[in-house]
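After the structure tokens below, expect a handful of questions from me.
Order as written gives the chain letters A, B, C, D and E; numbering starts at 1 within each chain.
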Amino acid sequence: MSVLTDTPIDLTPDLPNDRSEGQLLEVSMGPQHPSTHGVFRMDVTLDGEKVVKLKPVFGYLHRNHEKIAENESYLGCMPYTDRLDYICSITNNWAYALAVETLAGIQVPERAEYLRVITGELTRLQNHAGLVGFLMQDMGASGTPLMYAFREREKVLDLFEALTGARMMCNYMRFGGCRVDVPSGWLQAAQKVIDGFPKFLDEFESLLMSNEILMARTQGVGVVTREQAINAGISGPMARASGVNYDLRKVDKYGIYDRFSFRVPLGEHGDVYDRYMLRVLEMRESIEILKQAMRDLPAGPIMDPNTKIRGFRPKAGEAYGRIEGPKGELGFYLISDGSPNPYRFRVRPPSLINLTLLEDMCLGQNVADIVIILGSVDIVLGEVDR
Amino acid sequence: MLGEGILKGLTETARNFLGSYVNKDRLTTVQFPEERLPQIEATRDFPFLVYDGSDWQAGLRCVSCQICEKECPPKCIYIEKSKDKKPDVTGKLQFYPTTFDIDISVCMSCQICVEVCPFDAIKMNVEFEMSSEDRFGGLLLRKEQLAKSNEYYNKIHPTEAAAVDAALAEERAKVEAKARQAAEAKAATPAPVAAPVAGETK
Amino acid sequence: MNLEEIKSEIETNVPGCRLEIIPNGSPSGQHSLLVDADHAFAAAAYLRDAPNRQFDYCSNATGIDWPIKEVSTKVKTKKIVDGVEKDVDEVVKTQTGGYLEVVYHLFSVELRQGPLVLRMRTEDRAERIHLPSLTPLWRSAEYQEREIFDLYGVMFDGHPDLRRLLMWEGFEDHPMRRDYVDPDDYEYEPTAHDEVLKRAQAHVAAEGGR
Amino acid sequence: MTNPIYLPVIVLLLGGAGFAVGPLALAWVWARKYSPQKSGPIKNAIYECGLESTGDAWIKFKPGYYIYAIIFLIFDVEAVFLLPFAVAFGGFTAAESIAMLVFLILLVEGLVWACQKNVLSWS
Amino acid sequence: MDEQLKSELRRQGVVATSLQELYNWGRRSSLWPLNFGLACCAIEMIAATMARYDLARFGAEVFRPSPRQADLMIVAGTVTKKMAPQVVRLYNQMPEPKYVISMGACAISGGPFKQGYNVLKGIDRYIPVDVYIPGCPPRPEALIDAFLMLQKKIDEQYLTGPNRPRHLNADMPSEFVVPEFGTHDLVPTQNSEVWKAPLVNISIAGKNESGRD
């Protein structure tokens, strides 16, 4: 349109959509934030909507678990392990009991091992169901998926209450077995819940699986490659979503997991969608394990008779016991100096170590995606801060 | 086609919504104050002291051996031993606690005190409506608030209580059998001295 | 995966590295390998990159505080007692501890190898508490080393971002050490007995009655 | 005094204003009579997840957001203008529909230009 | 308005009430809790809002994330010393008719973690608490029971007169000091306006008296 000069003047210069001269905004998604699953703080530096820097801050729920455990007896530490990862208390008990059994060389009778597998897999079911509900809540589907998930979780909590007495803080395992045997009618109730679970999973999958919004928001978001995952010590469903074939139930074969046939799902892309799918598939595998364990649950004692409850003094030495918790590899490193109190009581927190790559996953993503990435890591602050 | 997944999700919620008119177990809400969940037998909330017979002062099983005070992880039990002794159910002279407080604002209902108590004197209650507006008076249960009868224990934990009663009964039977043998052994050897001092224990 | 083999392998590949096998008394049989501080990084790098070892997964890093402790052990020694040789057991007082220790549990995901326990010790518990950080080798050690620095005070050289992990910035001492004294925040407790009661009495005495 | 035809409109206006102002006035009276104002330095501080908020929120944003918002505003307001057009769609003469068409074409041409300038692509 | 006349009117379908009852009824039926979970009790609080225990029946299922729109703070979980200043600042930033439910043993007295160096031994050291719920964690029904207790407490509040509640009383403080991070502990360790531990003669506690008045 311009006639005067030879070079055409572009009356409408390219709009500065790509060159961002906007300043950076420092904001903290702080301790009290609906998306942080508890008191977890992230100092985020934003350029518009893109994340430039993300520094997590821990310690708001540091309850000095390890210092208190040094003044408690071995039995006294058991109820504290319920409060480590307060959504799945039985697997915490199991990891601690396993560590003390390797420390003191205690044998566990058959029936107790089967009861451990049954309650452990039930814990995994309710943890994954809860997590998928919370992940959808983070994504904006506030209410509906969480209501479905908690309806199933309540059924599993009723089973725990009938067996151990408490909904969330079961305090069920002792060194050398379990504390109390199955009350009458519990096995039938458990069988009913286990048979009802696949129906819930189908309902959940038809509600969410092919939902376009879910796929659009989670695919390709927060990608973790296989090497990154191994190097950053990521374990559990989050590692398997990136293709790391490392499930302690198959690697360590602790307890009696080698008697059950179950598959380990693996993801390829390692993004939020794979982690979500991983949990749903793992729920189905847990149901397989539960069916087999309930079928051949033997009779017999549930407690190794010659382990003392009070005044339990293991020989001086150390031991590191670990299990495949719902969140990842939960390990207990105990050092005993022969006295009734553990000399050093160290918890290997899967949630804290899975957060190592949080910044790498969130760089360049939108603010709303931080919430989903954090939700897919599945952290529980009691375990992160101990 | 686009949106087909969302429609499937909506039909799922619709089926759940219409289903709740048809089959009852889709309605999971329990209207708490009026309608309550059926009491689960093994529930444990806060400890209580068991006493036999009718008078809680005399029948209290606790002999204040203070094992639970030492073993309690958060240390929320406070016991003071009595100087004198009182006869317990089997007639044997035992100490009794003059004060037995449990601070339920610290207790984490882990029932380790129940596990380590050699006399089955402390059990877990099922009563959970203990919220109060006064922290120091309302949340410190003293001996009189803690003591509950054995019948109450049988009412809330029937199977467990039956097992405990059977064990105690058998133990008492053994104690009586031993006492009877000791009495016969004393009677069988008619000592030249005068008749034994009339029943100092019974 | 026995330790002697690994010990000899490291000694050949990492010249001048002083290694020691620490036996473990408990039946768990997890003996550990003590590496001296200045060759620790090279030894760890070897363990990670050696094709037949490939310890690529550092699962756990733990800090332990060993204060100085008098250990009296009875030793049977032959002594000349007034001209006659008799074996008499006399008490030998040895000092153990007096250092901060960091323990790493290494696993191999590729070769499914069990826990290799690697230990490093500082010279003493006051000033010389520097240890090489293994975060450049395994990212998983980053937060755990920050926590050890926060709660035990071990300074990790080469750590990308050594700040306090759990306590607040202005906090000064290292609470997980054995000789840490809790701040005297006297609190009213209806069921105060034994050490809690002693602390409350000390506070009341210090403050001169309620 | 006023033409009776407009009476319902005035009543409607007063009713609407009364409906809006009434509760506010009541609340204002209530606050003055019963519950006093209790603002303080910490209460009026900026809320940032429980922390003391550092830094300033008034920063320069990327211009892309502003342009995106303006384009949305334009087409939102345009919809309001289309409303009477849509309501009385039946009885339109050619002239009126051409006028409306011109209005529509102008705006759509603006939209095409914006898309071509990839302003609406959300990187 | 005596009760008998009121019940008679109600049977006829006429509700007679006073401004105070209406005011209290309105506020207690729509208590909006602040979305503020700290630890394990938060999971039980979420379970209380879910389908089975349904806190919505008491008008309290709207969990507001920002303190500006909340009038009830449920402190659910362990308050650590690093978190205490944030809790008190959030409480200060809530608009005035505000209540606090201290849920769980940790929020009342530090609970099982009270021997920890980083654990605050109870939130009532810094902010006034209305209802305490013991338990670790308390069952969702216990939380609903505490809700009923709080609602009864709001019902009995007066609009005027000497003992009207704090938010209707101009000279009662609505803000409490926010503790800072000292080098070893929080400074000040407790707020004496709020924290009134009973006078206890600790010196003779060791002998026979059991450590309280």
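Throughout what follows, a residue touches a chain if its C-beta (ideal position, glycine included) is under 8 Å from a C-beta of that chain, and two chains touch if they have at least 3 such contacts.
All values reported here derive from a predicted model rather than from experimental measurement.
J.: What is the shortest path, in steps, from subunit A to subunit D when you may only step between chains that touch?
T.: 1
J.: By mean C-alpha position, what chain is farthest away from subunit C?
T.: D
J.: Taking every chain's C-alpha mean, which one sits closest to the mean of all protein C-alpha atoms?
T.: Taking the mean of C-alpha atoms per chain, the most central one is A.
J.: As a quick test, compute the distance in whole Å between the mean CA positions of subunit A and subunit B.
T.: 35
J.: Just give me the whole-number Å value for how far the CA centre of subunit A lies from that of subunit E.
T.: Roughly 31 Å, centre to centre.
J.: Centroid of subunit C to centroid of subunit D, CA atoms only: how many Å?
T.: From the centre of subunit C to the centre of subunit D is 65 Å.
J.: Which parts of subunit C, given as residue numbers and ranges, touch two or more other chains?
T.: Where subunit C meets two or more other chains at a single residue, that happens at 166-168, 175, 188-193, 196.
J.: Residues of subunit E that touch two or more other chains: which are they?
T.: Residues 51-52, 82, 86, 90, 109-110, 112-115, 117-118, 122, 136, 139, 197-198, 211-212.
J.: Specify, in ascending order, the residues of subunit B that touch 2 or more different other chains.
T.: Within subunit B, the residues that touch at least two other chains are 28, 73, 75, 78, 101, 103, 106, 108-109, 136.
J.: Looking at the whole structure, which two-chain pairs count as touching?
T.: Result for touching pairs of chains: A-B, A-C, A-D, A-E, B-C, B-E, C-E, D-E.
J.: Would you pull the subunit D residues touching subunit E in the complex into a rising list?
T.: 34-36, 38, 40-43, 45, 47, 49-52
J.: Give the list of subunit E residues in touch with subunit C in this complex.
T.: Residue list for subunit E touching subunit C: 81-82, 109-110, 114-115, 117-118, 121-122, 181-185, 189-190, 197-203, 205-206, 211-212.
J.: Write out the stretch or stretches of subunit A touching subunit E in their complex.
T.: 30-34, 38-39, 59-65, 67-68, 71, 79-80, 83, 86-87, 146-147, 150-151, 153-154, 157, 167-169, 381-382
J.: For subunit A, which residues count as touching subunit B in their complex?
T.: Interface residues on the subunit A side: 72-73, 75-80, 82-83, 144, 148, 151, 154, 158, 161-166, 169, 171, 179-180, 183-184, 203, 206-215, 309-310.
J.: Which residues of subunit E touch subunit D in the complex?
T.: Contact set of subunit E toward subunit D: 66-68, 86-87, 89-90, 92-93, 96-97, 159-160, 167-170, 174-175, 178.
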